[in-house]
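One chain, chain A, links the two complexes that follow: it is found with chain B in the first and with chain C in the second.
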Partner chain A sequence: MAPPNPPLVPRRDEVIRRHRSSGGRLAAVLPIHYSRAVFRAHRMLPVEVWGPPGIDTSPGDAHLQSYTCGIVRSSLAFVLSGGLDVADIIVVPHGCDSLQGLGSVLLDFAKPRQPVATLYVPRGPRSASVVFLAEELRALSRRLSEISGIEPTLDELRQAIAREESADRALADLLDARPHLPFADADFYRVARAREYLPAEDFEPLARAMLAERVAAKRPGIPVVLSGLVPEPMNFLGAVADAGGVIVGDDLACLGRRRYAPGRSDDPWKHLAESLLDAPPDSTRGSSTADRLAWIEKLATDSGAKAVVFYLVKFCEPELFYLPQLRQGLEERGLKSVVIETDIAESLSHQAVTRLEALLESVS
Partner chain B sequence: MTLGLAKYQHLAVSFLGRGALRYERLRQEAKLKRKGSWKSERFAPPLSTSPRLKELISLHYLKGRTADERGPVAWVTSGAPVEFLVALGYYVLYPENHGAVCGIRRVSEKISVHAEDAGYSRDLCSYARTDIGAALSGETPVGRLPRPDLLVACTNICQTVLLWYQVLAAHFRVPLVIIDTPFLYGEATERDIDFVRKQIEEAVAVAERVAGRSLSESRLMQVTRRSKEATELWLKVMETGKAKPAPITAFDEFIHMAPIVEMRGEQFTVDYYRAMLQELEARVRQGSGAVLRERKRLIWDNLPIWPRVRWLSEKLADRGVSLVASTYTNAWGELADLVDPEHPLESAAKVYLHPILNRGTGHKLATMEKMVRDYQADGVILHSDRSCKPYSIGQMDQRERLGTAAGVPALLLEADHNDPRSFSEEQAASRLAAFFEVLEA
Partner chain C sequence: MSDAASIRALGIDAGSTTMKMVGVDAEGALVWHALEEMDPRIEAQAERLLDVVRADGCPDSLPLIATGYGRRLITRADRKVTEITCHARGVHRELGHGGTLIDIGGQDSKVIVVSEEGKVVNFSMNDKCAAGTGRFLEVVSGRLRMPMDAFADTALAADGEVGISSTCTVFAESEMISLLAHGAPVERIVRGLHRSLVQRVSALARGAGLRPPVMLSGGVARSRAIRTLLAETLRQEIVLPRHPQLMGAYGAALLALGA
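Then we have the complex of A and B:
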């Protein structure tokens, strides 16, 4: 039987145009952790910027050294070449030293036409982090008020939170059901990553439509967990399929590590903070190696994966530090892995494809 | 190790080691006093406190060899609040300083390879690779590093340390305390300070539990007082570089900063910097410069290139260029005013939030511009350090602003603080030669 057609995903520029034409405001948000509900309470659409891939990075070369991560270099080049002119504000959450540097360079030197706001997401588990992050989110909201002219009531914020949590549940369901969804990986990721720019109320029906096609049988192929940052360039997903692999578990920073569960507190700000801080283990929040290993192992066990692919953006220190201990731990649990580094501004290398093929052959 | 052997080793360290180091210091001091013993045509004779520095550092690592047999040991990041650990009787080891020692002794590459062989990428910080390599192999030029009972990582210098210490925590299976200092794009807020203060209090509780003893408030105040005093003296030491000619260079400071980084809170550190300051003030009165025939004065930005400190210092001195100050060494002095021994934990929250590395790129530019004015410098060398992204990102704009807005020639020099494989002597020499021409034009 032929696989079902994947739901039609609206293009990013189309969504932005539609939102703009309805009088809505737009925030360009860099990786990784932030609360969408805060923006939506301001009737502002957060649209994420993961590069974008494949663009000319030379406009940023006068500001950033070549050993800076490609996401940061591409993002700056995109800002400087007018790619984000459509946004009313640029928000840079603190994900790593390079994103920190980007935020600082934007504020102090590059100075885009729109205001720049930052958000510090605390590292290390502790009770004080919830209070601190809740205050950070409040401060961000005050900053957004200057642009939106809106001061959301707590009820409005709660409504926005409820909408986002419903969409988050749909995303989590998608990720859990992945082995049983008869769609090509490229189609799956196109839908799942639409969460990066679609309003929650538009994303959820898409996700549910995909979930409605769930079948009992698992997808044929060599099952793997995909870890790393972001599946760009997207033809990497085609390379996985060509090599006989199917992605059944996701630990990507752009997706699986943002399976946000609802917070516990009644106070909406603390509720949002808890939700971000309780997300799956993540390098940019400084999770312990043991926690990350246990999480990836669980993904593999639950999905029946035989191997793990670490798909990294070059110069990503947060990811690189974990790799030796994670890989050793996975090996001890009978899971093989491979590391593939890429520059999102460039096309997928033959070497990357060969490494992927070698891994899948070894576990087939 | 049996208790008897530990005691024997401790005695050997305490008496024989100390004695040998003291003898060596006296020998070096006597040598420095001998007329005609110093023959350099580039540099003034070393400070007479230099042998004492060598003794302090050697003794610190000598104690470290058996420290884990005698009491609690903490490995900490260079920007971490250390006063409560000293007050609790911890032997404190700074892996970054150990990394620098490896760099100066030119073994960092060899030790890093152990980490690289274990899968740690060459794109990671070279201090981290050196340290992880030393932890995995046991290889070190200082004899032996004590096993930690506690790890303390403070993110005020970078996020890298957090990730690096996670590796150490998993390797040694000991508690890791993370003190997370929100990055200051602008000014610190009350919530930033409060957040850090709470974490320091939590860190104290963990350190007390691991050490099996309680923190004495009076002892903490005493340690903080010494820490403040040493920091103030260190600042004054650096400020003697404002004199023309400068009696000390940033290259000297890179070496002499070891006690302020890894021996803060100790009386001998205070005594050491007091003696050093006296000697430098005397040199200022005599008009004696560290670089003979000082013609140009430069500021250095970022960490040193440890394996090439000597090469670079000679290269500059050959042209009569004195490196009169650096943003890096300045970081351990500029916050002295914020330290309040009467309120040690509260003031620590402020102090440890404000290092230059935890502040925005614009603040660093302002710091450099001020240093150029205060030290009457002719230019700036910005070490674009492949291994230190938080220090290096922003430098391209800073160089441009220094040149266009402030009219200060600035050179971006690509290298790495501890990995000699990322440094090309020929390329650096040719970049420096071109820069000297600009300075002299």
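Then we have the complex of A and C:
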């Protein structure tokens, strides 16, 4: 039986144009962790910038050293070439040293036409982390007020949080149901990653429409967990399918590591901070190797995966630091893995496909 | 009956510098092979080799598996399998044991940890630059106008070596020219160049989790200097199959046979 058609996902530029034409404001947000509800409480749509892939990075290269990752390199080039002119503010969360450096370049040197704000997400579990991050989110909100002219009440913030949490639940359900959703990986990721730019109320129906197609049988193919930052270039997903693989578990920073569960506190700022800090283990939040290993193993066990593909953006230090111990730990647990490094500005190499195929051959 | 008449399965390894075809008999023994410099028209070259083996008496319509970087272009193949799986299968069958297989090819180098059953346990590849590949030796030996055999002999005959610090083939070539200009003895430079390649491959091997014995395949395995320096650096005896360059195609043929 032919797989069902995936829900039609509005294009990013259409969403931006529609939002703009209705008088809405726009925030360009770089990876990885931030609270969408804070922006929405200001009637501002956060649209994420993961590069974008496949653009000429030369406009920003002079600001950066050679071994800077493609996400930062492309983002800076995109800003400098006017790609983010549509945004009212650029927000750079502190995901890693390179992103922090990008924040500095934008604030102190490149100076785009719109204001730039940073967000410091604490690394590692510390008792003060929730209080610190809650204050960071408050500070961000104050900055957004300068642009939006809105000072959201706590009730308005709570309503925004409720909408986002509902969409987050839909995303988590999608990820959990992945082995039983009869869609090609490229279609699945197109829908799931629409969370990066769609308003929560538009994303949730898409996710639920996909979930409605859930079937009892698992998708045929060699099941793997995908780990890393972002599935770019996206034709990698086609390469997985061509090699007989199916992605059944997701540990990507852009997706699976942002399964945000609701916070615990009544105070909405602490509630948001808890939600971000309690997300699945992530290299950019300084999670321990043991926690990351346990999480990836759980993803594999729950989904029946036979192997793990670490699909990395070249020069991504936070990801690379963990790899030897993660791979050894997975091997000790009977899970094979492979590392595939790519540059989001380049096409998928033959060698990358060979690595993937060799892994799948070794577990089939 | 010619050897080709006993062929029951074929394997083609469309590598970066050479194309190899191997035929195996019903027991999986390597009974026929051909090896040619790589032609840019990969599919036409594969067809030509198939014509050659048929002309030798090989039966028609035998199972065929293609491997190597050009495998996708061989439309006649029943299946395409990576060179990693094929090299592991070929060397395991040939040598009868597992271990760590180092395959230094023209375009990349691979370290494949092979189980006692001949399965790939782990692998690691250097596919990002020419350093650590056969291309590195080609470039530097060409610059010194030395044939590959003489290049290896020169390295082994040296009474010392000069360290090559560049990690890039192009820069290593520049460094070599600079060393020559400063009067460094050619023999010591040549040994240093070999050492440079061996160190890169050894690092790859250690990263993959070296499991003795160390086995070597690929075109560069023919270099006595590489074998000697690799054994010295890894402190392991290097085990060599009879036809190191054919192990990918042999493994492909064995897989085609279902052996």
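Convention: the second predicted complex is superposed on the first by the 364 of 364 C-alpha atoms of A that agree within 3 Å, B and C clash if a C-alpha of one lies under 4 Å from a C-alpha of the other, contacts with A are read in each partner's own complex, and residues count from 1 in each chain.
Keep in mind that, in the parts below, contacts are C-beta pairs under 8 Å (C-beta built on N, C-alpha and C of every residue); 3 or more make two chains touch, one makes a residue touch a chain.
All figures in this text were calculated on a predicted structure; none of them were measured in a lab.
Chemist: In the superposed arrangement, does A:336 touch chain B (first), chain C (second), both or neither?
Modeler: Only chain C is touched by A:336; chain B is not.
Chemist: Quick check on the superposed pair: does A:2 touch chain B, chain C, both, or neither? Answer first, second, both or neither.
Modeler: A:2: touches no partner chain.
Chemist: Between chain B (first) and chain C (second), which, if any, makes contact with A:357: first, second, both or neither?
Modeler: After superposition on chain A, A:357 lies in contact with chain C alone.
Chemist: Just chain B (first), just chain C (second), both, or neither: which does A:323 touch?
Modeler: first
Chemist: Which partner, chain B or chain C, is in contact with more residues of chain A?
Modeler: With both complexes superposed on chain A, more residues of chain A are touched by B.
Chemist: For A:105, using the defined touch cut-off, is the partner it touches chain B, chain C, both, or neither? Pick first, second, both or neither.
Modeler: In the superposition, A:105 touches chain B alone.
Chemist: Could you pull out which residues of chain A sit against chain B in one structure and against chain C in the other?
Modeler: The answer is that chain A has no such residue.
Chemist: How about chain A: which of its residues touch chain B in the complex?
Modeler: 62-65, 67-68, 94, 96-98, 100-105, 107-110, 118, 120, 122-124, 126, 128-129, 131-132, 135-136, 283, 286, 288-290, 314-315, 317-318, 320-325, 327-328
Chemist: In their shared complex, at which residues does chain B touch chain A?
Modeler: Listed in rising order, the residues are 118-121, 123-125, 128, 155, 158-160, 162-164, 166-167, 169-170, 176, 178, 180, 182-183, 185, 191, 195, 198-199, 202, 360-362, 365, 384, 386, 389-390, 392-397, 400-401, 414.
Chemist: List the residues on chain A that touch chain C in their complex, please.
Modeler: 331, 336, 338, 349-351, 354-355, 357-358, 361-362
Chemist: Residue numbers of chain C touching chain A in their complex, please.
Modeler: Per the stated touch rule, the residues are 69, 81-85, 108, 119-123, 125, 127-128.
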